[in-house]
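Chain nomenclature is as follows: A, B, C and D, assigned in order of appearance, with residue numbering initiated at 1 for each chain independently.
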Amino acid sequence: MNVIVFLAAALALFFVIGVAARAAMKTLAPAADKPTFRDMPLTASFGIAVILFYVLVAVFGPLLAPFGEGEVVGAQYLPWAAPHYLGTDKLGRDMLTRLIYGARNTVGIAFATTALAFVVGSILGIWAALAGGWLDQWTSRFVDALMAIPALIFSLLLLTIFGTSVLTLILVIAAVDATRVFRLARSVAQGIVVMDYIEAARLRGESNWRLIRREILPNAMAPLVAEFGLRFCFVFLSISALSFLGLGIKPPTADWGSMVRDNATLITFGDITPLLPAGAIALLTVAVNFVVDWQLHRASGLKE
Amino acid sequence: MEKKVLLAIKGLQIEGRSGDAWHPIVKGVDLTLHKGEVLGLIGESGAGKSTLGLAAMGFARDGCRISGGTIDFDGIDLRAASEAERRSLRGKRIAYVAQSAAASFNPAHRLVDQYCEAPVVHRVMAREKAEADAVELYRRMRLPNPEEIGFRYPHQVSGGQLQRAMTAMAMACRPELIIFDEPTTALDVTTQIEVLAAIRDIVRQFGTAAIYITHDLAVVAQMADRIKVLLRGSEVEEADTRKMLAEPREDYTKSLWAVRSFARPEQPPATGTPIVSVRNVTAGYGAINVLTDVSFDIHARRTVAVVGESGSGKSTTARVITGLLPPRKGEVLFNGKPLPPGFSARSRGELRQCQMIYQMADTALNPKLRLRELIGRPAEMYLGLKGKALDDRIRDLLSLIELEPDKFIDRLPGELSGGQKQRIGIARALAAEPQLIICDEVTSALDQIVQEGILKLLSRLQDELNLAYMFITHDLATVRSIADEVVVMQQGVVVERGPKAVLFAAPKEEYTNLLLSSVPEMDPDWLNRLLAARGEPA
Amino acid sequence: MSNLILPPGITRRGVLKGATAMAAAGLILPATMQRARAEPKKGGVFRLGIGHGSTTDTYDPGLWDQLYVQTFAAARHNYLIEIAADGTLVGEIAESWESPDGSTWIFKIREGVSFHSGKPLTVDDVIASLNHHRGDASTSAVKSYFDPVTDIKADGGNVVVTLNAPNADFPYLMSDYHLAIMPGTDGKIDVTSPDGAGGYIVESYEPGVQATLNRNPNYWKSDRAHFDQLVLLTIIDPAARLNALMTNEVDTIDQVDPASIGLLESRGVANILSISGNAHYTFPMDARMAPFSDNNVRLALKYAFDRQELVDKILAGHGSVSNDNPIGPANRYFFAGLEPKSYDPDKAKFHLKEAGMDTLEVTVSAANAAFNGAVDAAVLMSEKAAAAGITITVDRVPDDGYWDNIWLKKPFCASYWGGRPTEDQMFTTAYQGGGAWNESFWSNTRFDELLVAARSELDEAKRRAMYEEMQQLVSFEGSSIIPMYNNYVMAVSKAIATPEKIGNNWNLDGFRCVERWWMA
Amino acid sequence: MNAILAMIGRRLLMGLLTLFVISVVIFGATELLPGDLARELLGQSATEETLAALREQLGLNDPAPVRYWNWLTGVLQGDLGVSMATKKPISELVGTRLENTMFLALYAAAMSVPLSLMLGVLAALWRNSIFDRASNSLALTAISFPEFFVAYILILWLSQSGFFPSMVRITPATTFGDMLYMCFLPALTLTLVVTAHMMRMTRAAIINLLASPYIEMARLKGMAPLRVVLRHAVPNALAPIINVVALNLAYLITGVVVVEVVFVYPGLGQLMVDAVTNRDVPVVQAIALIFAAAYVLLNLIADVLSTISNPRLMHQR
């Protein structure tokens, strides 16, 4: 029964947020973009609202958080009551504070990682498609070979070799992820390089770098942006999986994956505490996926 | 001869969706069709021809809706009928033949399976009977090997044969009405003849009523009893075919009729060193030679039209000249000096001299760049223009192609019409200040009136800027109006070449003759005469 | 990973004799020596979920290193000597032992014992089993035990071991879990065979997954090995282990996650066994390197965190505060009068000032491989130390390779000790100057002198004084932070009965739960 | 048909090359790992002498290229080698694990593939309906939770209440039925993880085709929507669907370490993590090769099936 009430409440909240966000965006958007938002499905407006909320929390985290990130403020596992609105964790740190800082760290790192993977992967992928011939064949075969190694295990291996600072974490996951981006960027670019305007630019004598930057990249953005959203979620989940396996973000830095992990045994007893960070992860991935979905739908040009 | 009315459309209104708003596509059109009658629907792109044709089946494409008027098919109100009722009519009593048979046959199934689908699903006949019937109809459509052609997949059958197979498929349930939506537009002229003849015959044999949609007046003249002219969703006029051809009432109709009147004045004979000289070029991809021993010259201020059907090697010739495809044998001389075979080995100066305009302006212009950069880039690159000088040059170019600089300079290609896009393609080529422009089917994707404008512009620019054109086309009408010299190609070989006047007046080669005679003429009897002349059944 | 190997070279004057010799390991249960609550009954299947075990585990006794293989070995093997639940030495394969001078040790081998294969256990088997760990070519982890051994030979029904110097603790070494007695052929044991003389016979074994063993019908001990069948399962994930217990997939689990102990108890599905031994967690500081070379810095750090908080939060109360003392309350010479160190930022600041500093920045390397909760413990210390002007940066390093790359290499890191039955062993192993595992590289002349002297001192009071002085030295001058003694925490379902007294020398009743426990 | 055989041949050759590249990459990576097998086996108790003795015995003292060469020649002769740690033949070590992994992967596939195809087709058929949106949102939500979290939740709901066991214990006495029962929760976890991807791809592939002229043709022939989707869209959407299924099957085989850990499932993933931790290089190599081979083979099968499903490639002009 509780589950049903909870689900109903969640659904209602979803609608309220979605409708409100859509209304807000419609009002605030510049005139040219108004139709974009008017058409937006509820899922997308909800997604945008959630993402904005996360970004705000991430940016203003230190101002919002009632306590310090690693500050031990009381006993362990305090119940949900003021001043610890979401209780405390196993070391007696404020759960709400940890969640807020977690947004900053986890989202920030996932974003940096995805961005890096995209810069490297898409430039190399487009370059391979543009170069064609054996250069393309060899890089693609090599990337295929790397992709045949399971991502999680490959990341584990690399992290064990290079250690687990935030920087190596970002570099390693970005490297593993870049192979996937490479493949997508290459196939998208292959569709673009056969276009007459690329031929025209080549015949004009443009350099490869300019071809990539001015001619191909702008046209490959739509699928790449959609993929960015999905990849972002994947990175997010792989970081939490790595945290689960003990190689994620270092303490006392708050990170949602580790927070779930730390409190995982409590799930066995139906304790809600580990649900919070897991829910935070899920909510953001759902939101990103909703928005990506909407973007893909728009890009595909399919109307009703 | 008063026949029974089969289809009566009154005050039909259809709307299309863009974003949240609905805008009209068809604005209150009336249409009456009698049993066994063929009505030609003609108009330029955006006139609402196809939409109207589909509405005759009670069908609106995704993103469209029928918002007003009535559609009465043999006493059935198609708007009021349920979807299931409409479905039971489609394919059974009203059939449809699409523009591109290659795209409209499902690539996953054999022809005969697709043929049998409608008769079997609509319970008109059993599968075995339908298969036998298919062979019969294939025979009547004069398809080769009617016994076994049905067991092929669409990709194994040529375009002209597919179009006939599709007509046969439409006939499967012996419908009372067929909608032909530009059925020969995608075909080569020589193939078009066969398909037109086959369609006309079968429609007559079964006494089927038809709506024949096309933009090609000469074609509709052969097929239709009556012609209705549409413009932007409204009717312009309607009349019997002969009357319409002889004395069009409306200005718009007249302008359609007049399109082919443009002709570039005769030029003096060519002299001096040719700008481009193609010498004994053999080239190809993989193991196949697409071009064999091709030679011709292009002189300054002259237009050389390279003519041929699809697969004749016209575009490959252009790729050899531009250096995209280095030839296996032979060479390309530019002002008497050999050009490096590959474009990447050519100097900027060499690249600049030879510019290209493409068939599909949509794919030839980077949709993410503004006109300023699209046009300005060659000027910036080749001529080193910057800042104010560059801006002035871009504005000059826009003026030259008759687009208002202030209005257009910061637009994206997506905000332009088809003709405007093609003009930008021209401006981009001009920006490099070349000696030669290769025009690859530059007008074939455009409506006739727009084509006319582009041709006039090209002609004017040629005079003003001393340009040489290599004009690749399959459209002989275009050749007639703009070319100085003609090169006829077939299967990678130059069949015949010479000055336009000489070649058109007295073609030496049989193929040239076939090509020239296959171009439809604006005479309802042209097809009959041609078929009779060729000794085929009329 | 175990660091619980007894070092060689322990000597004690006098002749020790008999089947019970040293009272050693600490006991928390009252020393009333009742046998059991009820008579053990035979039968049943005992499923044990252990948080260790790897696919690379083998039958080679020289390579055993964690709880899974240790317990598995105890189920199928016998040893020369067993440490009873009360900490006394009990003869197992050795019926009795004696030494005339502490250098020559004579073990009388029990008769009528046979291996699972049916082959009778002989003196030669014992010699082959011991020789596996001896000599230059040996790959055994306890090779060093046998460095002082000059000869092992048979003498009728006895095995005679000759040492190059007297060592009164030698019988203790022979109880080590590596030294299982296995059948020998031509003086060599087969390291790929599970054959042993223990209470259970291996039916199947998949390393890193599970082992199934059946009771040895011919086991010579009639009052041990009560279960019909044992199933030993590797369940690495703590939550999975807990789930397995809750859903009755297993009967007993080790290493219960402290966070869930309370909840588990409240559910009433299992009993929590919390056994205090001398095991303790340490944070060694490299005494050779600045800033840790200054004892004032070390003292500042020792006062800069809250020990009770660590016991409460890291151990969930299942342990006790240590005063930087590696000698546990269960040890004989435990110095209860040591001045306690409570959290005192002012005192820490004072010591910092003595060292000529206002603030201090150090980095501690930790991984949960060192001990469960090491990273959290370091985080808690870091939090509290801030008030004393000390910035402790916690560097979480990978579990993988911790003992290779961090321990004994980084100047400040986390570590653990299983505790030692005797003070001498503990101090010799980890605190004597120049010792191989002196993890803090601390060297104190007075301490080293006392250590040697205490070994040979027979006067109880004098010895106590010596050991107390040594504890004082380690606590206030030593270079190891020792915040707490940790209990062994197990959860045992109500279907299983346990003896009144649970061995505290090792986890899981000194690995012997498999033969000491029974179905309720 | 010959074209297909030629393609298979070419792709297998390419696959072998891929495997070679992977073996070099993995070997290189394990070389870079700090510490070695001897240290790991002896743990903290290692002394220099015992380490030296063990290294000698294990053949760790040879230079890396020599060790790689020895391993490679062994593999080329069909001998995966023996585990350095346990001295057991790797084929034996990996054998049952591979069976388990395949069982779980197939079990999850048997649940998720039909489910996702069905949902995908229905979502495409009723696109933009409540059903479409709801199934899409649910699928997105399912993949948005970390795997281990889904697993724990399933245990809480379905295991503690006694419906299904929380861990998998395979004994020689385990029957196929027992396996299906015990592996239900892990298979369900994996199903939840992969269904969304396949379903969305199926839906997208079909919807992508719905704008094709031949779909319009089918509709204009008066075919019912379900028939249009099943008979006209699905056969042409097979290639992308087959590819995404292959990709997910590969994931089910190679990417389930976390699920194995939570359900104590003795699969290859855990074995590989163990082997990496213990620096048991031949085992790491063998499993990496198995994973890569699975990936390569599945992709190959997908390509062959796509080719067969495409008359253009099957029936040349």
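To be clear about the criterion, a residue touches a chain if its C-beta (ideal position, glycine included) is under 8 Å from a C-beta of that chain, and two chains touch if they have at least 3 such contacts.
A quick note: this is a predicted structure, and the numbers were derived from the prediction, not measured.
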Of all chains, the one whose CA centroid lies most distant from that of chain D is B
In terms of C-beta pairs in contact, which of C-D and A-B ranks higher?
C-D
For chain C paired with chain D, centre-to-centre distance based on mean C-alpha positions, whole Å:
41
What is the distance in Å between the mean C-alpha positions of chain A and chain B?
47
Between chain A and chain C, what is the gap in Å from one C-alpha centre to the other?
46
Please tell me the distance, in whole Å, between the geometric centres of chain A and chain D computed from their C-alpha atoms.
23
Note the residues in chain D that touch 2 or more other chains, in rising order.
33-34, 152, 155, 160, 210-211, 261, 276
Going by the contact rule already set, what residues in chain C reach two or more other chains?
239, 243, 246, 400-401
Of all residues in chain B, which are in touch with two or more distinct other chains?
62
If every chain is a node and each touching pair gets an edge, what shape is that graph: line, ring, star, complete or other?
other
Seen from chain D, its contact residues with chain B in the complex are 210-214, 216-224, 227, 231-232, 235-236, 309-312, 315-317
In the complex, chain A residues that touch chain D:
41, 43, 141-142, 144-153, 156-158, 160-161, 233, 237, 240-241, 244-245, 257, 260-261, 264, 267-268, 270, 274, 278, 281-286, 289-290, 293, 296, 300, 302, 304
Once bound in the complex, which stretches of chain D touch chain C?
33-35, 39-47, 49-50, 53-54, 57, 83, 85-87, 93, 96, 152, 155, 159-160, 162, 165-167, 169, 171-172, 261-264, 266, 270-271, 274-278, 280, 283
Please output the residues of chain C touching chain D within their complex, sorted ascending.
1-3, 5, 54-58, 63, 65, 136-144, 192, 204, 206-210, 212, 231, 233-237, 239-240, 243-244, 246-247, 249, 400-401, 403-405, 407, 436-437
Chain A contact footprint on chain B (complex, rising order)
17, 19-21, 62-63, 322-324, 343, 346, 348, 351, 356, 358, 360, 363-369, 373, 377-378, 381, 428, 432
